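Take a look at the structures listed below.
Note that subunit A is present in both complexes that follow, paired respectively with subunit B and with subunit C.
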Partner chain A sequence: MSTSLTETISPTGSFTPDIFAQHLAAQTGLPDWWLDAKRTAWAQFQSSPLPTIRDEAWRFSTRSGIKLDGYAPASASPSAQLPAHASDLPCAARLVFSNNVLAQHTALAADLAARGVIVEPLRDALVKHGDLVRRYLNQQHTNLGGDKFRALHTALAHDGVFIYVPAGVEVPTPIAVVHQASGAGATVFPHTLVVAEANARATIAEFFTSAEPDAVQLASGVNDLFAGPGAQLNYIAAQAWSSQTLAFQHNAITADRDARILALNVHLGGRQARHESHSRLIGPGAHSEMLALTVAQGTQEFDQRTLQTHQAPHTSSNLLYKNALLDSARTIFSGLIVVEPDAQKTDAYQSNRNLMLSDTAEANSLPGLEIQANDVRCSHGATTSRLDPEQEFYLLARGIPKAQAAELLLFGFFEKVLGEIPHEGLYQTIRALIQTKLKK
Partner chain B sequence: MSAIEIKDLHVAIGDKPIVKGLSLTIKQGEVHAIMGPNGTGKSTFSKAIAGHPDYTITQGDVLIDGQSILALEPDERARAGIFLAFQYPCEIPGVSIANFIRAAMQARLKDGEELDATGYYKQLYAQMDSLKIDRKFTSRAVNDGFSGGEKKRCEILQMAMLKPRFAFMDETDSGLDIDALRIVSEGIEHMRGADLGILLITHYQRLLNHIVPDFVHVMYDGRIVKSGDKSLALELEAKGYDWVKTELAAS
Partner chain C sequence: MKPPSEPEATPAAPAPVNPLAGLDQSVSDFSYDVKYDYDAGTGLTPATIDYISSVKKEAAWIREFRHHALKVFESKPLPTHWATKDLETLDFSKIRYYLSQGAQKPKRTWEEVPDDIKKTFERLGVPEHERKFLAGVDAQFDSESAYSSIKEVVAKQGVIFMNSTEALREHPDLFRKWFGKVIPTSDNKFSALNSAVFSGGSFIYVPPGVKVAHPLQAYFRINAENFGQFERTLIIVDEGAELTYMEGCTAPKFSTSTLHSAVVELVAMKDAKIQYITVQNWAPNVYNLVTKRGLAHENAEIKWIDCNIGSHLTMKYPGVVLKGRKARGEVVSIALANDGQHQDTGAKMIHLADETTSTIISKSISVGQGRSTYRGIVRIPKHLKGCKNNTECDALLINTNSRTDTYPAITVQGQTHAAQHEASVSKVSEEMIFYMQQRGLTEAQAMSLAVNGFVNDLVRQFPMEYSVELKRLIDLEMEGSVG
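Right after this comes the complex of A and B.
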C-alpha cells in the first residue's frame, strides 16, 4: 500500500478545543473576568500561526520549526515524588506545584501575613483578592514574538502564585516557588505574579524542574514583576526542565520611580528553551538589572529575546547575559534597548558574552538600540571567547585535573552574575544546580 | 629521600631550541639556585618541567626517583610533587583563592574522599597570617588586581598549602620591594626542610642574601656552564655575567 503524505503542521497541535473545553469546565468558582480572559486567549492561540524563522522575532531560532504535537495536556497527573529543590533553603514561604497542581504549601509566617503580605496560590487569590489581582494579572505583555505561547498559557493555566508586598514591608528571606513537570507529554503553565508596593522589599526564588530527566514535556510560563516607587524586588529563577522539554517563559518587568528590580535567570534545561524578557522603566530613577546564565549542552537550544524600554527620564537598565556553550549546543541572544522621546538622561547597557567550550557549538548575537531621545548614555556589545590557555595551565600546574579546571573557569566566567544573587543559601543552591548539570 | 633528576634536557619553543642540554639533580632538602642573564632559558626550563604545552622537550628526560615524568599531564606532574612558582602569575577573575586552593587540595585526595572544610580553612588562615596576607583575600579572585608583591605572596601561599616535594621558583624575587622580598623569603625559608627540594631561578643575588642556597649554578645559552656553592653567587654579583661569557669564550 502506498499513500502519499503531505505533512501539515497543526498550529494548535495537541491543544484541541476539547482540551480547552475540559479545562474551562474545571475552573469553577473563579471570577468571570478570569474565565473571559481565558476564552479570549484561547481564541488568540487558535488563530495565530506558529512562528517560523522567517519572522524577525524568531531569527536564528530552531531550523526544524516549532510543533505543538505529541503532548498530553489533559492526562498527566501530579507526581507523588516532589523535587528536593530548595528544600534546605531558608525561606519565608514555599509553594510546590506538580503538573500545575499545588502539592505542598509552607505558608507565610504570621507576622508577615499580619502586615498584609500575600503569598498565595493564584486560584485562592483570584477569589480572595480578585480586584487586586485583576489590576496586575496579564496587564503587561512581553511583546517579543511569543504571544501565541503566552496566549496558550493564559488559556490553560490552572494555578500559579500571587505575591503581594504592601508599602514599606520587607520580606527578609526568599519566597520559594517550585514547579515540577512529571510524566511523558506533561504540559505545565507556571504563573508567578509579583507586586511590590512603594518601598517594599522581597526576594523570590523560582525553580522549574522535571521529575524525569529526559521526558518529552512542554512548559509555557509567565512571571511578571511590578515594583512601585522605591521598591526593591529580586527575582531569581533556575530553569532545569527535562532535556526534552519545549519551554517558553515570558517575563515582564515594570519599575516605577526609584524602584530597583533584579531579574536573574539561570537556564539549564530544555531541548529548546525560549525566554522573553521585557523591562519597562516607567518612573524617574527606576532601575532594571537583567542578568542571565546559560549552560547549553548536547544539542540544546536557548533562545533569549530581551527588550529594555525606557519611558521616563533618569532611568537605568543593565543587561548581562552570559552563555557557556558545550558540544553542539546553540544560543540566540537578541536584545533591544528602546529609549522613548521623554526618557532623557537614560543610562542603558546591554551585554551578551559567550564562552565557547566546543568547536561545534553556535552562539548568535543580535544586539540593538533604538534611541529617540538626545541626551542618553547607551551601549551594547557582544563577545565570544574561549577558555584562556594560560589560565587553564595555571590551574593544571596546581594539580587540578583538566575537567575540573574547565569547571572552575566556567564558574569564574559566571561569577559576575552569580555574585549578584542575594542570600548565601540561594547562591549555593543555584551553584549546585549548575554543578549537577555539568556532571551530566 | 626523593630526588628529581634532569638529564640532558633540550627544550624548544616551536622550532627554536632554547634549552640545550641541561643536567641537574635536586634532592629533597636541598636548595639550588640557577642564575643567568635574561634570555638564557631559565623560565623555559622551569615551564617545560611543569608541562606547559607551548614548550616541547626534544631530548633528554626528567625523572622523579628514577621514573620519567615526561608522559604525565601538567596536573599529574603537580600531583607527583612538582610546584612551579610563576614569574608572572595568571589572573583568574571570578575564581576565589579559597575555592582554587581547595580544588587543588581536593585533587590530591583519593576518589570519594572529601576535604575537611574546617581543617582546610584553619590551615589556610594560619598560612595567610604567617605570610601577612589579609584573610579577606580568601574571597578575592586569584591574582585579579593584585600588586606584584601580592601575587608572589599568593604563590608562596599555594606552595605552603600544597606541600610539593620539588619547587621551581621562577624569579620569585622580581617585582618585589624590600619588605615584600623579606616576607616572601621568610616564607620560603620557613618551608625549607628535609621534605622539600627547591630551585630558585633568579637574575639577582639579593634573594640569596635571604635564602642561602646549598648550590649555585650559572646558566648560559641553554646550559649550566658553572656550578659551585653560595660564594659563586657573590662572585657573579661582583664580576657580572660578562665574566662567565668571557670565561666560556676562552675555554
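Right after this comes the complex of A and C.
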C-alpha cells in the first residue's frame, strides 16, 4: 500500500474483482441477459471515479464520507433476528430480506394471483417472467450523478422484489417489502421493481432497517416505478439504516397518460444517505407526487437530489421535501424541474422546507428550474427557519412541557406529508418510526 | 443615455456587428477604420503584460500583480462544470488585450454613422450631444458638456473621481489598500484575466459623511481610456457617506472585441450607502463575463441594480459580502434575452456578521430562442445570529421556444436565521393581450406593454431618465417578437 502524503482513495474500495467473480459464480440458473447486465455494470462501476469537487451533481455533499473501503461484501450472512416491520399491518403480501437473502415470504392471496398480479422475489421472476422483467428492469436511470453506485448495485444485487399489477386490477392492501442489513461491514443492494398496467392500482410499503443500530454498513438500493395509462401507484418507504450506514437509493418514476404516482420517502437512518429520485411524465395527464420527510440528527447527512422531467404536454408534478434538522446534522436538497420544449401546459411545483432545531445544523437548498416551453405554470420555493416562537409559547402557556410542545410542532410540520399516506395502519407505523428516532 | 462603461471596448473601437436589436441587422456593419497608437497585439503572454504596464508607466508592484494574475488565469480551468459550454468557443489567443488611441481624436463625422444607429438613438431619446459620443464620433465628452459641472461640485466635497489608471498614479495608497481585496485575483478565471490586463474603469473615493446628491456616471470622466474591455472599478465610500453610481448605456454599443471582462469592487464603510446601477446593452457577439462584489461594513448598505439587455453571453452575479453587524445587501436584476442571447445573471450574498439582511429580486424575460438563467448563492454560517435573506425570481417566457433556468444555492446554519426563496415562471396571459387589443393596441404593442408591466416595479427603482429609456428599449426589443 502506498504511504505517500497524497494518498488516493480507491474508487472501488472493498469491492474487488474477486468479490464480483464470487458473486457472479453464485448466480446460477439466471438468464444470460441478466448476467451480461451485471458484467457491464461492474465495468462501469470500476471505471467511474468517485465524485470530485467539480461534480455539480455532488455540490455540498461531503465527498470525504463517500469511501468504499472497510466493508465485507462477501462474508455477511443473514441475521437470525428478523425485523418485525409491517408484520401486524394488513398486507397483500410481505417479503423480508436479510442481507439480500429472502428470509420470510407471505405470499400473495390466491385470488389476486389468479387475476395475474405478480409479487415475487426478483430471482424467481427472472426465471418465470424473464421477458416481462427484462422490459422494465433497469430501463430508466435517475441521471442525477450516482451512476457509479447504481452500477455497483446492478453488479452485486442478489435479489429483490418484482411487482406486476395487470390492467384494471386493484390490490386493496399494501404490499410490504422489508430489507435488513446485519453485521459489521454488511453491504445490501435492495431492488424493487413495480409495474402497474393501465388503470391498475397498488400501494407498496418498503422498509429499510439494520439489525444493529450502529453497525458500519453500506446500502445501495433501487426502486423503479412504472405506471401505465390511468394507473395509480403509491410507494411509501421508510429508511432507517444504522447510524453508520453509507446509503444510496436510486428511484426512477415513469408515469404514462393520466397515471398518478405518489412516492413518499421518510429518511431517518444512515451516516450519510443520498437519495436520488427522477420522475418522468411521459403522457398527457400524468401526475407525479414526490414527498419526503427527513429527521436529521447528530452528524447525519441527508443528500436528496430530484428531477421532475415533463416530456409531454398537460402533465403535472408536485414535490414537497421537508427536513427537520437537529444537532450538527446536514441536509442537501437539490431539485430540478425540467420542462421539455413540447411539454406545454405543464404544471409543476417544487418546495423544500427546512426546520432548524439547533444552532449547528446546516441546510443547503438548491431548487432549480429549466423551462423550455412558455405556456406553463412552474414555481418553486425554499424556506429555512426555526419553530415559530409564538406557537411554542401558546403550547407552553397551556401547560404542555417544552419537549412535548416541540414534538407536537414537529409533527405539525410533518403532517402535510404524513397525511398523504394512503393507509391508516401504514400512517401509524411510519409515525411510530419517526417517534422512535426522536426519542434517541 | 449613460454611455458605455460596463467592460467596454477601447474608445471608438471599430465594431464588427450591428448591435441593434429590433432593427434589420443586415443593413449595416457598424465599424470604423481606426489606427491605434498602442496595440498589444493578439494573444496573452507575459510580454503583453509588460507592454501594457510600460505604456501605462505603472509602478513595479502593479506589474508584479499583473504577472501573478496571468499565472492564476492560466492555471484556472474554464468553469464549464457549472457554466455553459459556450465559453469553450472563446479563443483567448485571438483576442486583443490592449488597444489605445492615446491622445489622438477620432476623425470621422456624424454623416458616417449608419442611419439605423441614428434612428435608434432618436427612438431611445438620446440627447443630441450624447449621440455623437455614443456613435464613436466624439471619443470624449468635452468640458462644454453640462455634466462637467457636477464633477466640479463633487470635487469641492472632497470626492475623488477619476480613471483607475490615473488613480493608481495619484492615490496609490488609497487605491492599494482596497484594490483586489473584495475580489481577489484568484476569485475566478475571469477576475484573474482582468487582474492581468485591466485598463480603464473608475476610481471613486467619497470622504466620511459626504452625501453625493447627483448620481455619478461613468462617462463624466473625460478620458479616452474610459471604456476598456477589461475595466477595473474601485469605489470606496467612507463612514456615513452616500453615493449612487451609474454605468452603461441603453443605447446599443459597438465594439471590436468579443470578450469583456470587468472587475468592480465596492467598499462601504460603517453606515455608508452605495447604489450601483448598470445597464448593459452590448453588441450581440460579445461575451460579457464580469465580476462585481461589494464589501459592506457595519450598518452599511450596498445595492446593485443590474440590467442586462445586450451581449451574446453575459455571466454576472453581483455580490455583497456582509461583513459588519446589521449590514444590508440588495440585488435588483433585470435581464432580457432575445434570439441568440444567454443572460446568465444572478446574485451572491455572503453573510459574515450578525443581523445582516439581504434581498435578491430578479426578473427575466426570454424572447424568441433567448435563454435567461438565474444563478444565486446565499450563505449564512453558523456562528451568526439573526440573519435574513429573501430571494424572488420571476421569469417571463414570450415565445413557445423561449427558455429560462433557475439555479439557486442556499446554505443556512443554525436556527436563528430565516431564508426564503421563491421563483415562478409564467407567460403573458392571452386575456391580457386580448383586452388590450380590444382597446385598439396592436398585438406587438400589447406585448410590449405587458412586458413593461412585468418589470415595472423594478424599473421604477432606476433614476428617472434611465427608466424612461429602459421602457423604450424594451419596446424596441419586443418588436417582431410576436406572430
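Methods note: the second predicted complex is superposed on the first by the 431 of 440 C-alpha atoms of A that agree within 3 Å, B and C clash if a C-alpha of one lies under 4 Å from a C-alpha of the other, contacts with A are read in each partner's own complex, and residues count from 1 in each chain.
In this section, contacts are C-beta pairs under 8 Å (C-beta built on N, C-alpha and C of every residue); 3 or more make two chains touch, one makes a residue touch a chain.
In this text, all values refer to a predicted model and were calculated from it rather than measured experimentally.
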{"item": "Which superposed partner A:N354 touches (first subunit B, second subunit C, both, neither)", "value": "second"}
{"item": "Subunit A residues touched - subunit C or subunit B, whichever exceeds", "value": "C"}
{"item": "First (subunit B), second (subunit C), both or neither touched by A:A72", "value": "neither"}
{"item": "Touching partner for A:L24 - first (subunit B), second (subunit C), both, neither", "value": "neither"}
{"item": "Subunit B versus subunit C as contact partner of A:L50, first or second or both or neither", "value": "neither"}
{"item": "Partner chain(s) touched by A:L395 [first = subunit B, second = subunit C, both, neither]", "value": "first"}
{"item": "Partner chain in contact with A:P341 - subunit B first, subunit C second, else both or neither", "value": "second"}
{"item": "Subunit B versus subunit C as contact partner of A:A363, first or second or both or neither", "value": "second"}
{"item": "Which superposed partner A:H380 touches (first subunit B, second subunit C, both, neither)", "value": "second"}
{"item": "Subunit A positions touched by subunit B in one structure and by subunit C in the second", "value": "none"}
{"item": "Contacting residues of subunit B [partner subunit A, same complex]", "value": "50-53, 73-75, 78-79, 83-84, 86, 89-90, 92-95, 99-101, 103-104, 107-108, 141-142, 158, 162"}
{"item": "Footprint of subunit B on subunit A - complex, ascending", "value": "388-391, 393-402, 404-405, 408-409, 411-416"}
{"item": "Of subunit C, residues touching subunit A in the complex", "value": "81-82, 382, 395, 397-427"}
{"item": "Interface residues, subunit A side, partner subunit C - complex", "value": "54-56, 59-60, 341, 344, 354, 356-386"}
